[in-house]
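I'd like to ask you about the structure that follows.
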Amino acid sequence: MEQKSLIKKITGSREALLFCILIALGVVVTILNPTFFSPTNIAQIFRNNAIIMIMAVGMFCVMLTAGIDISITSTLAFSGMSIGMLQKHDIVQSTLLMFLIAMGIGCIAGFLNGLIISKGKVAPIICTMGFMYIWRGMAYVVGNSSWASGEDVSQFAKFGKDGTAGPYIILIVVYGLFFVLMKWTKFGRKIYAVGSNAEAARVSGINVDNVLISAYTIMGLMAGLAGALSVSIYASAQPNMQYGKEMDVIAACVIGGVSMSGGRGTIVGTFLGALILAIVAKALPLVNVPSIAQNTVKGVIILVVVIVNVVSQRMIDKQNLERREM
Amino acid sequence: MKRKALSVLLSAAMTAALLSGCGGSSGAASESAPAASESAPAASEAAPAASEAAPAADAASEAGADAAAQATGGADASGKTFAIVVKSAGNAYNTKEEEGFKEVIEAAGGTVVVKEPEAATVDAQITAIQSLISQGVDSISVAANDENALQATLEEAMAAGIKVNGFDSKTNADSRMTFVNQAGTQEVGQTLLDAVYDLTGGEGQYAILSATSQATNQNAWIDAMKSIAEGDSKYSKLELVEVAYGDDEPQKSTDQTQALLSKYPDLKVICAPTTVGVSAAAKVLQDQGSSVKLTGLGLPSEMAEYIGADDAHSCPYMFLWNPIDLGRLAAYSAIALVNGDITGAVGDTFTAGDMGDYTLTDAGDNGSEIILGPPFKFDPDNIAEWKDVY
Amino acid sequence: MAGKSGRSIKAEQEVSFKKLILSWEGALFILIILLNIFNASISPSYTVTNILREMPKYLAEILMMFPMAYILVLGDIDISVGSIVCLCATMTCFISNAGAPAIVTYIGCLAVGLICGMVNGAVATRFPELPSMIITLGTQIIYRGIAEISLGSGGSVSFNDTKKIMPLSKKIGPVPVVLFVVIIAAVIFTVVLAKCTFGRELYAIGSNKLSAFYAGVEVQKCRFIAYSLLGLMAGACGLFLTAYMYGANTTTGQGFEMEVIAMCVFGGIATTGGKGNLIGAIIAGAIIVLLRIALGQINLNSQLILVIIGAMLIIAVLIPGIQANLKARRKLKQAR
Amino acid sequence: MSDSEYILELKDITKIFPGVKALNRVQFQLKRGEIHALMGENGAGKSTFIKVITGVHAAEEGHMYLEGEEVHFKGPKDASKAGIAAVYQHPTTYPTLSVAENIFMGHEIIKNGMIQWKEMNRQADELLSKLHANFKSTDEMGALSVAQQQMTEIAKALSTNAKIVILDEPTASLTANESEELYRIVEKLRDDGVSVIFISHRFEDMYRLASRVTVFRDSQYIGTYDVDKITNADLIKAMVGREITDMFPKPDVKIGEEIFKIEGLSRTGFFKNVSLSVHAGEIVGMTGLVGAGRTEVMEAVCGITKPDEGKVFLNGKQLKIKKPSDAMKEGIILLPENRSTQGLILTWGLGRNVTLPIQKKLAKGFFNDIKKENELARDFLEEVDKGAVSIFDPASSLSGGNQQKVVVAKALAQDNMKVIILDEPTKGVDVGAKAEIYAIMGELAKKGYAIIMISSEMPEILGMSDTIYVMCNGRITGCLNREEASQEHILSLSMEHSDKKKEAAQ
């Protein structure tokens, strides 16, 4: 009886399922290449994917409202280039200020997205597509065909240096904060409510526009933070930073069980989804899969996960129907 | 009806906004506009680089108009328009090439058009070149993103009477008149292999971290390294364990470097013949305090952090050519092509201002090439001097 | 309103010239005229010959815009087309280099595209619960991944014998062959969407999938056809691109999906489905292409061009909302 | 506390939407502790009025007094703070969230800024058990039936300790015994001192519950009456503005040969071993509780879903129906239950809606024959006589009743029609339009079509059907002819199975 409920729990909860997949993945890779399971490797997985993971938090909020934001890596590049240039030209050198400036830029970008999407009733993908071009272009414009290199940002890069705790602390803080925020506070539940049924939310007195704007602003904030972190970790700022990675962020959320139609998903799921992608990226070179095949593997994983999800849901539905007495 | 009037109004406003937007931005982009009158900042910045391989030499004396007068070396480009198409926008290395190119052409009285494609893709370059054909420029110098893919477009340009030369990254022989090569392929391969030999102490494992798998230059250099190593027993104790590709993305390059480290605990040296890869790898090695050493091809400004003889630095020395000089030589050869001094045939010679005389040699692909010179070595002694140049 | 009995319902639609001009398509039409005047004034090279010469690459892209409009009208989205182009271009080269004659090469390329589109369609119709964005995100990565794997290290391939694909990049007078193909495709796709039963079904599905299904529309079949058509046309795009690039590499077609979707949306096709038409999309596509050509000719920073297009896109999608808002306000005033 | 007789009073309320006056100087008075019915045809302004009370809409003119003091609500929050709670017509639930969250949305239990989940779940369960609900606070809302969702909404209203509870057509999607449960809950509310405003189309609701009734018509206030002092006819007249003489114009039709037959149709989890037959000119009524499987059977017949086993015969010939278009080809036409999501494309013109199923038949090759389509659409729309001026008017511009008539026109336009299945044809349709739809059904029967009508409304089942099938829990539990059918009989049949189950459980 107890065993049955355990199985049910695992199949019933997306997070538990993902966790099992994660463990299985870890075990398989470790068997194939024992060096995988080492503290440095694990630490590197988090550090190298901190940027994707942080943006996944923002994307999670946006997708909860049934939206999407494909402008995030452009926002990241714009904020990253901005602080890179500020350092290059020796205008600002304080690490804290750098983070604040990058996050400020991200906030503004996110706010604009939210404003246009909520007040202008524009489809999220279209609005953010426009800003995808705009911010990426602006990143080139502020850089004026140059980039910030290791020496320009050497002071700032100390924060994200391999072996320092900076990126991990940011990761823990962001995930901890949002775990509480989304699950235990009114604000978080409002985001869920709007994504689940915007009309009902409006009728019950939730200001839907404000919730949308805050969700996109959070996304922007996270993209800005990721921009600063990216400059710090890679000790360089280039206008084509993280190009195309928005799809990885979306993929992480989707694998983590965040529904594109809104209202469903958890921060833990998002984290596990991002982690699975990160482990795959890390493991492939270690298990001698040519890195050229990495993209294909990633694509297959995305499709398999979402299809398995649908199929298992159908099976559960069917079982429920069969159990129904007539 | 009023609603309809409104939509017209709005679209008119949109057009107006567009007009003003374009007006403003075309002003901002005046660097590439024909009437560019800036010369002082570019020239002074380029001055230290005007000297060739020996950096300590007479840098200061060659500034400004002086340099220009010398640079022309009889080459006259007045009234002609020269275009340069780099690999992509927002890349410091490319900007340096443009700088050198501009300096020479403007000194010779010609007009420069700079095209920076929006992304490092072939179709962005095709678009740029097509636009240049429309504008009726006299010459196009292109750093190709793909060896063969520009052929149709460049043939069209040549058919329209435009002189085409490649530089930095080769196009195939059919789609160019000549190619300005930063360094001979064999030479680069030899230099890198010798560096690996030196750093490993003559034996042990080494790995290569390259750019994208289709990068023409990197592939040629890596092939050269392999064939030299095979052909000479001196290198028999060196073992190339893997060629990894970081796609010229910092994140992926970082991942790949870390993977190399955990996969091959006995690794001694990583050789990264690409500017993005080398700096990403340098950071990984230095941050981890790894004993693995790094060499390769990198921009001094990017790599200054990491170059040093002690164990606190990951890269004892590395190589590169001077991208400013590469741009200048591309400019000189373009002028020579336009003026008919050379046709692109092997054996042609021309004078590249103060850079001296160059001869077109066989590139081994039925086309000709002009080789800038051997790669230059950056070590702890000279890096401080060069990091501000490019 | 007339009395209950003997009232007859109007069945003729008033066609007013004013209405036609002041619709979104009309506004775009006026915009394109203004744009041409503007372009000609800023760029001395803005001539018909030059435009025709610079166009082919964009025309190849526009081939995909027509079926993409179908997909958007359905309320779906397909972000895998750029990758399909890449895979098709790659396979074209391999087929040709394996010694196949020209016609086999062409058909092979189109077939690869069609198969890719059919795979998208099959997954999308087999699992209608899944948002099309997710499916095509997966296949986007997979298709380009397959191209990357088959290209191997080196990452690019070119034709051994370029004669085979030459006819595609040929010109008849100053007019490139691809323009004729685009015109034929434009006519067929526009007429089918506007005048044929299939087009009506697409609109029905995009407006209300369930109602359409209850009314006997074969929803999944229509979706499958639309995805397949998009794959086919992506194949055609890939084919023409190889003709201009003499080969293919891993970046071929990168970002095309967004450009094509942007054209459709600028042309008034809503991503939510059921709205817009191809005439608007065609004019919008022309506007974007001509603007890019002209701004390229004055050597404007390529990134700034993208900023302008991004801003145009946002303004364009904001206008209907603002318009509706103003209209509602005016009506409110009248009612008082 | 004020000593005003009325807990809530609204005077001269005017609400303007772009282009229309939705409410025109409307009055309303609610006594403390009464159940007050609000009636009127669709589009009379009842729902708008409710939204003015709850602060969703701001009225342009007029005054609102709560406990004798004038109030101005800026939004729904103000109203809920003032003790007004509403249960809307379409359950405004959050399908992806838990029942507890749905109940406490907007007034979560918070301590130190943190939501107290355990406490919330406990209180939610308490409320649910008060309502005799058969589901838990942690269940996902989307998985519940409409009736269960409705119950959650009521629990939500209770959870705010509201003084005034507004129920907007709560019984529209409930069956007889579910309604009975609801009546009980509402009465209990009243006994606890809560004032209730109750909107409904069903007269039985009003008679059963309300003490007073207010009628709106065409955005205007018509009057307030004591329920026990007004006759049915007067009330209808007040609502419709004219007299309706014959509500159920059931024509005397000679029933012909068997046209349509279902044999042993089953679909796992929905219905089992369903058999029925319909003759020419016969109107077959299908009733039972919501969720008994009535709609599902007909959807399976029409190819919307796939049955697991069973046979369908038309004129003695077995049919193979795999998709809706197959059924249409055979002449089996379904008028689905939900007009706005299944029956019509609201953004489309009426004409296009009518001709959508037959566009391929009318087409010349691949091309739509627009001229023919428009003429045909006009003819059929005129036949059902609905309130549109042009066939190009969007369907969304019509009221519910007129939309239903467009759906009927859409069915009529299919010239090969043999069997017509109407699923809840008068759901949410006002009295006037109801009578017209019954008249059309009568006409169709006269022409010899086989008609199946699914309905939860006892009066129309009894008034219109020749034969009545009752379903319960996926099985047909009874087949009655017109003479032997009675409300009690049908009710007992429709609950037969569940009663047995209960017995077994005990």
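Each chain carries a letter (A, B, C and D) given by its place in the written order, and its residues are counted from 1.
By definition in this document, contacts are C-beta pairs under 8 Å (C-beta built on N, C-alpha and C of every residue); 3 or more make two chains touch, one makes a residue touch a chain.
All values reported here derive from a predicted model rather than from experimental measurement.
Common neighbours of subunit B and subunit C (chains touching each): A. In this assembly, the chain whose C-alpha centre lies farthest from subunit B is D. Two chain pairs, A-D and C-D, are weighed by contacting C-beta pairs, with C-D ahead. Centres computed as Cα averages put subunit C at a distance of 42 Å from subunit D.
Annotation: 30 Å between the Cα-based centres of subunit A and subunit C. Rounded to a whole number, the gap between the C-alpha centres of subunit B and subunit D is 72 angstrom.
For subunit B, the set of residues that touch two or more other chains comprises 89-90, 116, 119, 213, 245. Within subunit C, the positions touching two or more other chains are listed as 148, 152-153, 301, 303-304, 306, 311, 322, 327. All chain pairs in contact, by the document's touch criterion: A-B, A-C, A-D, B-C, C-D. Of all residues in subunit D, those touching subunit C in their complex are 16-21, 60, 304, 323-325, 327-328, 334, 336, 341-348, 351-352, 356-357, 359-360, 363, 366-368, 374-375, 377-378, 381-382, 385, 387-392, 410. Put simply, subunit C touches subunit A in their complex at residues 77, 123, 127, 129-131, 133-135, 137-146, 148-149, 152-153, 258, 261-262, 265, 270-272, 301, 303-304, 306-307, 309-311, 313-314, 317-318, 321-322. Residues 33, 35-36, 38, 40-41, 44, 48, 51, 139-140, 143, 145-147, 149-151, 154, 157, 161-163, 234-236, 238-243, 281-282, 285-286, 291-292 of subunit A are the ones touching subunit B in the complex. Taken together, the subunit D residues at the contact with subunit A in this complex read 54-56, 75-77, 80, 88, 92-97, 101, 105-106, 108, 110, 113-115, 117, 268-272, 473-475, 501. Across the complex, subunit D is touched by residues 1, 4, 7-13, 192, 195-198, 200, 203-204, 207-208, 210-218, 274, 327-329, 331-332, 334-336 of subunit C.
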